[in-house]
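In the two complexes below, chain A is the common chain; its partner is chain B in one and chain C in the other.
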Partner chain A sequence: MKKKALTLTEVIIALSVGLAIMVPTSYMFANSNKQLEKSSNLIFAAGLARTIISSMMSNHTIFPQVGNNTFISCCDDSSDNVYFRYLFNLKENCGNLKKGLLKIGKATSPKFYHRIAKYDFRYGITLAQIDESVKSVAVYITWKEFGVNKNYETHAFIVAR
Partner chain B sequence: MPQKIQQFIILSEKILSETGELRTRRSWNELASVSSQLAPHMVQLSQGFKPKNALLFLLSCGNEGQQKNSLISKVFRKIFSKLPNNETLNILGSISKIDLNGNVLSFLYENGPICSVAAYTAAKLGLKVKSDAFEFFLSAHEWTQDDLINLSFLVYENEKEDLKNKVYNSYKSNPTEANRLFLNILNNASVLQPVVPNGMTIENDETISNKNKTVKHPINSKSQVELSNNNYKYKLTGSSSSGSLFPNNNQPNNKINVPNNTVVPNQNIVSNQNFVPKQQNQQFVQPQKLKQNQQIPQQIVNQPNKEVSTVKTNDNQNQKQSEQQEKGKIINDIKEKISNLDQVSLNLNLSSIDIDKYSSFFKKKPVVISIVATVVFIAVLIVINTTTNDGDNLENISVVKPPKEVKLPDYWVNAVTNKKLTPQYIQADVDYRMGELYLSRNKYNEAVQFFQMALKTEPNHNICKLRWGYTEYLLGHYSVAEKLLLEVVKSDSMLQCANLYLARNYSKENKLDEAEKHFKKEYANYGVLEVGMEYANFLYKIGKQDEAMDFLASLQEKFPDKMLVLDSKTEKFAKKTKTKG
Partner chain C sequence: MLTKTMKPMLLLSLDKNRKAFTLLEMIIAFSIICFVGTIVVRWFIMNRQYQKRVTELYDGDTIIRNAIWEIHKDLKTSRTVIYPRALRAFANDEFNMSSDSKLVVKNFEGDIVSYFYKRDTKELVRVISHVPTDDAPQDKTRVIAKNLNSVVFTNKNLLNNCVNIYMECGPSVLMDAVFLMND
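Moving on, here comes the complex of A and B:
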């Protein structure tokens, strides 16, 4: 049996209905992906800040000397940058260096490195202290996501043992 | 005996009012019992009853055999004197398909309204016939378009293509109008339900007497043939052919070879001579050539049967008229399409058969297309989304390493609070924290120095200003503290402790109304118990004991797990002020 072809009106209606469904759906997909990335970054930043603070509390003799408003890239694992190695290779930097100890870096943790590099995660630490008894520490994690410079900060008082 | 007949009639009416398959209805067993008692008088009774009652009687009497079959075929002829209504169709539906094929399809070889009714009924009952039989049906007599449409419903779906080819070949060798139309119907017709033959109406047994029924011949509307149920004008001739779907010898085309696989009807279809129409005496006018009837005027299609309409009520008439008009429009449309097709389209249609397989998909048109397009689009999005999910894709790791040092941005956005954070703020924050350290050691002057340094770097550091104001309050510089704290409250009235410090400061300055206002505000902002208690004590202290007690009661209600009492110093202070007064 032969059937009628589609008329222009029907095609227009079909396209309109399709578009009406597609536009919000595509927006939803794009937006959900964005939100996922944003929350992943925030979780990562919070984790990083907590790691820095806890490492400072446990090894309070080693304090990074960060200049005013200096933010160091987490990707920088060169020898002159102790912080990256300090953060991610704690044992190596605590004075008990052993041969063959695994170093966490680009080669060993590519996904981890990729996230840090892609969003340009940086950290900055400011320290306020009157004497050795108590120190006020602030850790700032900064990154750039979807054209916006983001920041996460946390504070702690480190009391001498 | 008369009582039994009466009982049978009552039961037959009762069973017809019930629903479901005939043999499973509640009254069936009772009816069958009465019918079996009347079985010896089968011949007389089946002729005396109304057609539907007669059929019910024959179906339920349980007496099988040649005689019963012959009686059933007689009843069928009676039934086909008019278009069967739903009730009759329901009864017919309970007969086995083999019996129906044998009894109904034989009428397709006969000319006139009975053929139209048989085609319509067969289509309604969903009977199917092998494709070989259609060649014989079509060559038996002239066919109307409606009958051919109904005939097309008898084709098995899987044999449709085969039938098209057969009819096409037949048309090439013998180009008859019926072949051409039937082929066009098979190729083009989009009728979903059997059509009521032109000029006929489905009548209700209850409203129209069978005796006065007239049927107009579809082709020649003037040739009205009386088909009174009780007084048939057909004359009886000799025995018919048996064992095939072929018409009896009186039919126009009686020299046809029947293939072996053709449906073989019941041998007793027309065994009783009384019901075989004699061609010489047949009162139907031969249908006119369809070419003359190709363009049927709208009026004829839409015109209701006047004789019938006089019997019906006005409501029924209007309803039927509108239904008929709709049907007429559809039929006319199809007829026009069919009649407009020429030989070229006939050939083209055969080549377009494959398209038909997919055409039903596009019946729902825009909605279906939209849904399909949307599903495809979403699938593409999912694929793109998963392939570009950088976090999980190791291939995309070749990201350029960020530079060691970058120029600091003007500001960052706090990922938690969404507030702006400037590099100056971070710098000022170190001094502020130094001030806090000194404040914690009660070194207020040093603290004030650091607070001032921080505010020099970042004047919008509200917390720093608040703590400076509080330090000034602790130092007893109430006017300085008031100024600083007012600035803080002005810029951020929701900052925690800002209203509390201001209230305390006002209290020290003896600005009791202002102090009360800010205590109230602080408590309203955060609802902290300690602030509430301080407020209650303040109220008691300034002589608003009743208000203080009421507020304390409300606090107690809010924090039932706490034992709330006013400060003893407050009570002493209040007593002192009372005695002085």
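Moving on, here comes the complex of A and C:
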């Protein structure tokens, strides 16, 4: 029986078949990771918006309006962002009066900071006066994921005390 | 002296029609095998990493969501936060914040509901202490989440009607808040 080696055509076809299997499988894994990140970001944004709204509702105070489509970065440590920093305390400080608020930063809360910085989470607040005591507040959360701008908004009525 | 069996073997090896691989052919073949092998191995490792990350992220999100949902159910119908209490020492909101890995609230039925984060086992435990009118107090303990890396409950409001919850589980982090309907 005469033994025959593989021809170039056969080799090319075999490689093509191999690539045809590998490429979609790789894409499938990458895509499922992307989809999961997207849903995770949406849940994260909803949590942030709920935190801002809850804080305003419980204190009966409204944070200053951020107008003209200006959104403040959640991990901006400048004095402009003072209201966002007041909202959270990611470390235990119970009973330690001197410690007070622990700011969101790379050192104090690396995972939280990393997520906010990676997707550039920002917040904006607009309000409309219903009457003297009731105000309609809208909280917007924006972020960028995989080159696309995303946003989440929620509304609440705040009664001034 | 060549034996009878060795003679045909020697003749066979000297046969001009049979050709062995040259060094160049071997080098090229090995290079191709190494190149393709590297790509395939790298592809497998990359896919395993992706798969691990996807699983961790999914598991982390699910654990945190379920835990927060449980806490939401309790807190929404709670009367007040017993611990941690916001600090009255300062007029400024910044210093009123009080945080801990424990949370104790009282609900409208008079039960005391507590959440404890156990660092050693990385579990979040819910304990409800029911005080019946004509019997001894009854405690029910249940683990509501496992594998949590961090849990922080914050009460910054002197009215004790708003709790911020921060959780970390694997690569997942979530910040949420519950406004108690105690008015």
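A few comments on the model shown:
Simple rule for what comes next: the second predicted complex is superposed on the first by the 124 of 161 C-alpha atoms of A that agree within 3 Å, B and C clash if a C-alpha of one lies under 4 Å from a C-alpha of the other, contacts with A are read in each partner's own complex, and residues count from 1 in each chain.
The criterion applied here is as follows: a contact is a pair of C-beta atoms (placed from the backbone, for glycine too) under 8 Å apart; a residue touches a chain by one contact, two chains touch by 3 or more.
None of the values given here were measured: they were computed from a predicted structure.
By the document's definition of touching, both partners, chain B and chain C, reach A:Glu37.
Of the two partner chains placed by superposition, only chain B is touched by A:Val134; chain C is not. By the document's definition of touching, of the two partners only chain C reaches A:Ser54; chain B does not. In the superposed model, A:Val17 lies in contact with chain B only, and not with chain C. When the two structures are aligned on the shared chain, A:Ala45 is found in touch with chain B, with no touch to chain C.
Looking at the shared chain after the overlay, A:Val148 reaches chain B, while chain C stays out of its contact range. In the superposed model, A:Gly124 lies in contact with chain B only, and not with chain C. Between chain B and chain C, it is B that contacts the larger number of residues in chain A. Judged by the touch definition given at the top, the superposed model places A:Thr25 against both chain B and chain C. When the shared chain is aligned, chain B and chain C each come close enough to touch A:Lys111. Once both structures are placed on chain A, chain A residues 22, 25-26, 29, 33, 37, 40, 111, 115 are touched by chain B and, in the other complex, by chain C. For chain A in complex with chain B, the residues that touch the partner chain are 1-3, 6, 10-11, 13-14, 17-18, 21-22, 25-26, 29, 33, 37-38, 40-42, 45, 68-73, 75-76, 81, 110-111, 113-115, 117-118, 120, 122, 124, 126-130, 134, 136, 138, 140, 142, 148-153, 155. By the touch rule above, chain A contacts chain C in their complex via residues 22, 25-26, 29-30, 32-33, 36-37, 39-40, 43-44, 47-48, 50-51, 53-55, 57-59, 86-95, 97, 100-101, 111-112, 115.
Chain C meets chain A in the complex at residues 40, 43, 46-47, 50-51, 53-54, 57-58, 61, 65, 84, 87, 89-90, 93-95, 97-101, 152, 154, 156-157, 159, 161-162, 164, 166, 168, 171-179. On chain B, the positions that touch chain A within their shared complex are 187-190, 349, 352, 355-356, 359, 362-363, 365-367, 369-370, 373-374, 377-378, 381-382, 385, 389-392, 394, 396-397, 399-406, 408-409, 411-416, 421, 423, 426-427, 429-431, 433-434, 436-438, 441.
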